[in-house]
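The chains carry the letters A, B, C and D, assigned in the order they are written, with residues numbered from 1 in each.
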Amino acid sequence: MIVAELSMITMGTGTSASRYVRAVHQVLKESGLKFVPSPMCTVVEAGSMAEIFKAVEKADDVLAGMGVGRIITSIKIDHRLDKEISIETKMGAIKE
Amino acid sequence: MIVAELSMITMGTGTSASRYVRAVHQVLKESGLKFVPSPMCTVVEAGSMAEIFKAVEKADDVLAGMGVGRIITSIKIDHRLDKEISIETKMGAIKE
Amino acid sequence: MIVAELSMITMGTGTSASRYVRAVHQVLKESGLKFVPSPMCTVVEAGSMAEIFKAVEKADDVLAGMGVGRIITSIKIDHRLDKEISIETKMGAIKE
Amino acid sequence: MIVAELSMITMGTGTSASRYVRAVHQVLKESGLKFVPSPMCTVVEAGSMAEIFKAVEKADDVLAGMGVGRIITSIKIDHRLDKEISIETKMGAIKE
């Protein structure tokens, strides 16, 4: 598994972004990927980078379709090759 | 309130980082700041940037004291001036 | 155009990363995309997100082939829909 | 030395940000810290994290004074403890 965090900041749309965050979450729901909203980003789990990138491109299209003039997308990917990881194992590893 | 996400990647310490993440969480606990671990970062809430930066400097010292040879620290800060925010309000705003 | 910044941190490979940064630059060279190395990341220009993602997936494969055990990839994309941007226009816009 | 990259995204101020980027660069100039603008961020060099954080707090104040309603600040810090680094050495290390 690959675990990633995604944030898409919309510029030119005022200071509130929740409407656009919910639209991105709708894209992730339709993609079938497991995701967990967090206060500063959305954590996504996928079998490959390609699956994550496909969802991000779709989300970008949706935001563009909502009339957003500038989209700053940040993606951070944890790709572990020496052992299997998931949202669960990463949270379990840092428990006291 | 200011809400931020923090991640501190240790290089030269193998592929596992959980020992170091727990050490950073211990610093945050001692700082009295509210924080929420998440799979890709730790979300922190504070009254000012200065409070967050003070905790980050302390965490950097602790990791250095653990013998880490290179520390890549990423901080992302949401500073809203037009209304009060917190970890709760940001999570509430994106609920369906 | 889309302008992005890319950084790929290798874990489990000691504190030096330049060998791996050069390998990523070789992938970008072969992709034909315009890129500009900078001290903390590499700036890439492309016609679409898909072109950038394709190069990132290839770079990830190359690093895995070099025996890297964990790869933390950060991508930040500036997608402007209200006007054409490039590495040049973005640098020109901030000149005094 | 510590090398960092800084980006401050202003929300609620339209799609253009160059006016605000130039204001941040003015703060960095007055701080005396060495900095290099790049298309996606500004690279800063300092003797300590504290010096960087002080400049970021000042830049945040200046943007707030310009009436910005929401500021998303991203800071990424490379703190190397096993050898001295600078903007020059980091660029030199990745030359072919």
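The working rule: a residue touches a chain if its C-beta (ideal position, glycine included) is under 8 Å from a C-beta of that chain, and two chains touch if they have at least 3 such contacts.
The chain lineup, named per UniProt: A, B, C, D = MTH1187 family thiamine-binding protein.
This one's a predicted model, so the numbers in the text were calculated from it and none came from an experiment.
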Taking mean CA positions as centres, which chain lies farthest from chain C? B
Nearest whole angstrom, what separates the Cα centre of chain A from the Cα centre of chain C? 19
Can you give the whole-Å distance between the Cα centres of chain B and chain C? 25
Counting only residues that touch at least two other chains, what does the list for chain A look like? 12, 15, 69-70, 72, 74, 76, 78, 80, 82
Testing understanding: with touching defined as stated, what is the shape of the graph linking the protein chains, line, ring, star, complete or other? complete
Chain A to chain D touching residues, read off their complex: 9-15, 17, 69-70, 72, 74
Touching residues (chain side chain B, partner chain A) in the complex: 3-5, 7, 15-16, 18, 21-22, 25, 36-41, 43, 74, 76, 78, 80, 82-83, 87, 90-91, 93-94, 96
Chain B contact footprint on chain D (complex, rising order): 12, 49-50, 53, 56-57, 60, 64, 68-82
